[in-house]
Structures are given as structure tokens and as C-alpha cells.
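First subunit A sits with subunit B, and in the next complex the same chain sits with subunit C.
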Partner chain A sequence: MKVSVGDVVLPGDYCEEISAAGEKSKVIVGPGLQKESNHVYVTKAGVLKKKNPNTYWVDYYQKRYTPARGENVIGIVIQKAGDIYRVDLGSSMSAALSYLSFEGATKKNRPNVQIGDVVYAKTLVGSKDMEPELVCVDSYGKKGRLGVLTDGFLFKCSINLIRKILNPSCPLLDSLKNEWPFELAAGMNGRIWIKAKTMRETIALGNAILGAEYLSDEEIKAMCANIASILAGHVA
Partner chain B sequence: MSQMSKKKLQLPKSVLDMKFMKRSKDRIEKELENTKGHEELYSNIITNEMRSATGNYVSEASFIYCEDLLEGRLSFKGMNPEIERLMELENAIKNGYGDMKKDVSDEDLLRNVEKLRKRKSDTTTPSQYVFKKQKTR
Partner chain C sequence: MTEAADLKECKLKHMKCELNVLSKSDGSAILSQGETVTLISVNGPLDIKVQNQSIEKCYLEVLFCTKGGRPSVPDRYKEHIIRQTCESAIMGSLYPRTGITVTIQELEDYGGLLSCAVNCACLALLNSGLAMRYVFAAVSCAVDETGNVILEPTYQEVMNAKARFNFVFDSRNKNLITGFSEGIFSEAAYEEALEMSRAASDLVFTFYRDIVTKYSNVI
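Coming up: the complex of A and B.
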């Protein structure tokens, strides 16, 4: 069926608007869309979205992670195999993380990473069919925000929730950031790691994030205010 | 495109039939034959899609570029100063250097320049001193 931007789309639908745009200029075909010889077809059920200039994608609900290049993900080290660590991302296949792709690591000086550690890493190679490869450094060899996550609490959620809270227009982090000190790592594979000073604060933060999934912006603000006041002890 | 350029290269038939063009004619015929062979040889590999493909479609498997998502590692209220410093740096870049805090305000700069000018007119050659200092370093 022919569809246009903003519609609810199903796999097999095609969009002529994208093909028309593709004839004139460059088009970025995002997740949930696939270019075939004659049309651009939808491969996921969701809402067709567009961002100027000429970026199209399908906003769909998913909990299973399919690796893509350049995404920050949270993995759990499950095996040390020779010179790589095997890392579970929740995708169809475990990822490979070389021990040399940590800041300051050399052949002699191995990073201190144990089985069961949680790492925040970037996917260097990511495709839906092949084994993903992770790195914990940027192209300058600096660790930046990547690396092993110590302490804290890890939980899973849908990939949509990650996208929702990391969207610059989402009020969740804005309303929480001035309430109490906390640290957060959100992986695009549907895992969130949080760390706060006390257990109460950690639980409050986790509840706030998980509660935000199906709320509107206004409701999120109200919920955050509510949680903050409970935590501060104003409300029993 | 390629067809057009091929046509451009071709000489008219009447010219090719001339005696002195025999070698060129042979060469052109040979080339034509070769390319024909290619088409047949790879016909099962080359699809219609490949013939009509354009470089205009860039496929992107990740949402982060489509939705302009934030970096996923954040820290607030001094929980992890290292991360907060990185966040600040990133914000400064995002807001443009124009909005960056000035180390020296415009008034300070003006005052200092005035002072410097006065000093220059007072003393004779401060440049010698500067040179020496650099040398010792």
C-alpha cells in the first residue's frame, strides 16, 4: 500500500515520496526502511517519520536489539577468549571486544576487566547478520565516556524508552537533574545503568525512568516532581 | 551516461570505411565484441537493480542520527566529575564558541592595551628583554 510521512505503516508498504526525493537529491533511509529497485519499502510496523533534509525512518516498538554501527551500548562480559572479550548485548550474537581497545592498553598491560563486568562501549562494526565488534575508546584513543561501569544498578527496558529519554526534547532528565546527584548510562540495546548515592535514590531514579515510557511530557514532569517530593520526605 | 559517452567516441561509418582507417575499424569492432561478451558473461550476476542504482540512497541502521539523540552517558550534581566535565565541553561546542565565557572581558582588554601603549612610549625597547627571556627557555 502507498503510504506517506506520518502514517501508521506495515511491512511491505512503500512510500513514493521518498523515491521522488531520491531522484533529486541524497536521501537517508533510516531504520525500518529498505531500498529496493523500484520503491523504498517499509520493513517494520510503526509510524513513518521524516526529518529535514530528506531523512526518513520508521518509529517502531522493539525490545530485541539489532546492532548498528556507531551506537553506544551496555554489555556484560561473558567470556575471555584469547585476546578478546565476548560481550552479551542482548542481540542475536555476542559481541567481540578486543582488550587492546581500552585507553592505555597494550599487549603487556591488559585492562582489568573480569567476567560479569558491565561495559559501556561503542559498536565499531554492527550489522544485523554479523558479529558486532565493540570498542571502549574513540578514534583518538581516549576513553571519553566509555569503559567499565562499576557499582550502580543495571536494568532492561524497550529500545523505544532509551530513544525517548535520550531525545533532547524529553523533559525527564531535565526535571531530575537538579533533584539529587546521580549518574546514568543508557545503551541503545535497551539497557540502562544507574548509580546514585543511596539505595532510595537509585530506586527512585529507576522508577522514574521506567515510569516515563507511556507518559506524555506534562505527565513526566508531574511524576518527577512527585518522586522528588517523596524522596525529600515532604510526602509520606 | 555511459551510453552517451560511447556514442560520442564513435566515428561516422563513412570515415571508418576509408582505407587508411582499417586498423582503427578493426580495433573498434574488437572492443565492441569484447563488451558484448562481458554483458553475456555476467548477465546472471548483474541485476536490473544494479543497472538502475543511483548513489542517492544512504541507508542508516541507527536511530541516533535520525533522531539526534543525546550521548547516553550522563552525570548530574557532581556524581561523576569526569563525565560532567565532558558534558560541559560538549555543551560549549554545541552552543558555539561565540557564547563561550570570555576569559578576558572587553573592558579588561581595552584597559590592558592602553597600559601597554603607555609602557611602550615610556620605556625604550622592551623587545630586547623579551628576546632574552625566550632564549633562556
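Coming up: the complex of A and C.
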């Protein structure tokens, strides 16, 4: 079936708008779209979106992560193998994290990373044919916010929820950060690490994030206010 | 296709569906067509044994669990049919050296179990976010003793039928991708059933679009 931008699409639909735009100038075809002979076909069920100029993609529901280059992810160290750590990202293959890709690490000065540690890292290689590779430094060799996450609480959620809470227009984190202090790291692989002062606050934060998945912006604000009042002890 | 036009009024069994019913699996769907109900869970792409890995495409595994829980030869045959159907739709080349598992649980069988399972598998695959070439829709038919072709037969009609057909069509050109028939029938009856099912598959595709529209609004 022929579809246009903003429509709900199913695999097998094609969009003539993209092929027409492609004849005039360069078009960036994002996830959920595939070029086949002279048509651009949809491969995933969701909503066809466009960003000017000429970037098209499909917004779809997903729980399983497939690694892509340049995304911040949260992994669990599962093995130390020679000069690399094996890190589980929840994808089909474990990722490799070199011990030299930490800030200030040298051959003699190894970073202190144990099996079972949770790391916040960036994907350097994300390809279907190669194993994913992670780094805990940026291109200047600084760690920034990357590295081992100590203490706190890790939980899983859908990849759409991560995209939703990281969207600058989403009021969830803005509302919550005014209520009580906490630390949060959201990995694009569907994992969230949180750390608050008390266990009560941590649980409240986790429930607020998971509860926000299917709510609208207004409902999120109301829910945050509600949770904050329960936490403060105003409501039994 | 005048036949297609008046078949618009023809009814398939009432379909009800819920996506993402299982919290742990990557994609899941429960579908009822009339009184027949199946539950499907899709997991993947996963890490699998080296002997099953293929360097050019994913390994697709379909497991069929009956209500009784004991697997039998006809069930293995159903697994095979569903596996071949799904394999044609999934873009396996995007997931090399990985495995995808489709687990089917029969909940109620009042005729048309295979077509219900195929449709449910398609919905579960849509929910899992795996790349697919097209969506597919299955329609079942039966030929009764007098030689009339019945679309989506009831349990009683299935029991008394001389022949039973299951057809699966793709959404791009409505091509037949799977045909499964049992019993004794004439060539004309087969052709008639095929065309009836092809027209009726439109209803299933519309149903898919409605379901996806409903859940796209909230994500």
C-alpha cells in the first residue's frame, strides 16, 4: 500500500514521496525503511516520520537491542578475557570493551573493573557482521560521564521508553528532579540505572519511570506530583 | 473482481487481539478468531549454538505447544508450515549468526487453528520490531459434502468437511506464499476457495492496520 509521512505503516508498504525526493537531492533513509529496486519499502510496523530536510524513519516498538554506532549503553561485565572485558548489552552478541579505553589507563595501570560491574559506555562499532565494541572515553581521552556505575539499581525497560524519557520535550525527568535528588543513567539498549539517597526514593523513581511508558505529558506531570506527595508522607 | 466487492460484506470470524501480553518476551500477541485462540511469543535476535548459526541469515525456530502439551507428528508439520511462512517474510539477512524463536501456544481449537496461529505469528513479529518484507494473512476454507466452498468454517463445518484449505497471502501483491490443503476436492473448488480467501485476506490486513494504529498512538 502507498503511504505518506505521518501515517501508520506496516511492512511491505512503500512511500513514493521518499523516492521522488531522492531524485532531486540526497535522502537519508533511517531505521525501518529499506530501498529495493526503485521503491523505498517499510520493514517495520509503526509511524513514518520525517525531519527536514530529507531524513525519513519509522518510529516502532522494540524491546530487543541491536547495537548501533555512537549510542550510550549500559552493560554488565560478564568475563575478563586477556586485554578485553566481555560486556552483555542484551543484544545477540556480547560486546568487547578494551581495558585501555578507560581514562588514564595504561598497560601497567589497569582500571579496576570486576565481573558483574555495571558500565556506562559508548558503542564504537555497531554492525550486523561484527561484534559490538565499547569505549568508556570520548575522542579526547576524557571519561566524561562514562565508566563504571557503582551502587544504585539497574532495571530493564522497552527501548521506546528510553527514547521517550531522553526526549527533551518529555516532562518526566524535569518534574522528578525538582522533587528529590537522584542520579540516573539511561542506556539506549533498554537499561536504566538509578541511584537515590534511600531505598524508598529509589523504588519511587523506578516506578515513576516504568509507569510513564504509556502516559501523555499531562498525565506524567500528575503522576510525578502524586508520587512525590506519597513519598513526602502527605498521603498514606 | 466483482466477487471481491461483494465479499467485502462476507464475514471472517470475529477477531480480537492483544499485543505485548508477555512482559519478558521481545514480542508477543494473543489472537482469537471466533472461538479459536492462540498465544505467541517471539524472541530474537538471540545468541545460538554455533552448529545452527548461518553466516548469511538468521536461524528461525518455531515451537508449537498443544493444549495437551504432548507434541505429535501433525504438530511438527504445523511448525514446519509456520516456519516457512515466517522465513519468507522476515528479512533474515539483517540478522546473521543469530536465532529467532517463535513459540506458539494453542489455547482453544474450534477450527482454523493453523490460520489463527499464522495470523497471530505475524502480529507477534510486528510487535517484536523485527524487519519484515511484508505482512502475511492466513484464511481458512472448507468444502462441504455438497461441494460448496465455505469461508472460515465453524467447528461443526470443519468436522463434516470433505476438504480443508489454508491459504497465506503477502500484503504487497496478494501473492500466495503458503497453501495447505487436506481432503478430496476438485480443481474448480480449489480455485474458488483461493479467490475467496484472497479477497478475504484484505479484511485481515485492515485488522492488522487497526491494531497497529491503536498502539502507535501511545508510544
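For this structure, a couple of remarks:
In this text, the second predicted complex is superposed on the first by the 235 of 236 C-alpha atoms of A that agree within 3 Å, B and C clash if a C-alpha of one lies under 4 Å from a C-alpha of the other, contacts with A are read in each partner's own complex, and residues count from 1 in each chain.
Criterion: contacts are C-beta pairs under 8 Å (C-beta built on N, C-alpha and C of every residue); 3 or more make two chains touch, one makes a residue touch a chain.
Note that this is a predicted model, so its numbers are computed, not measured.
In the three-chain model built by superposing on subunit A, subunit B fits alongside subunit C with no clash.
Contact with subunit C, but none with subunit B, is seen for A:G46 once the two complexes are overlaid on the shared chain.
In the superposition on chain A, no contact is made by A:A121 with either subunit B or subunit C. Using the contact criterion defined above for the overlaid structures, shared-chain residue A:N72 touches subunit B, although it does not reach subunit C.
With both structures placed on the common chain, the touch criterion links A:V27 to subunit B but leaves subunit C unconnected.
By the touch criterion stated above, A:A208 is placed in contact with neither subunit B nor subunit C.
Shared-chain residue A:M1: touches subunit C; no touch with subunit B.
Partner contacting the larger number of subunit A residues, of subunit B and subunit C: B. When both complexes are overlaid on chain A, the residue A:R145 reaches subunit B alone and has no touch with subunit C. Superposition on the common chain places the nearest Cα atoms of subunit B and subunit C 12 Å from each other. Residue overlap on subunit A between its contacts with subunit B in one complex and with subunit C in the other: 34, 66, 128. Every residue of subunit A that touches subunit B in the complex is listed here, in rising order: 22-23, 25-31, 33-37, 40, 49, 51, 55, 57, 66, 68-72, 120, 126-128, 144-146, 162-163, 166-168, 173, 176-178, 180-188, 195-197. Here subunit A touches subunit C in the complex through residues 1, 8, 10-13, 32, 34, 41, 43-47, 59-64, 66, 91-94, 128-129, 160, 164, 214, going by the rule given at the top. Taken together, the subunit C residues at the contact with subunit A in this complex read 20, 26-27, 43-47, 89, 91, 94-99, 126-135, 170-172, 205, 208-209, 212-213, 215-216, 218-219. Of all residues in subunit B, only 47-49, 52, 54-80, 83, 86 touch subunit A in the complex they form.
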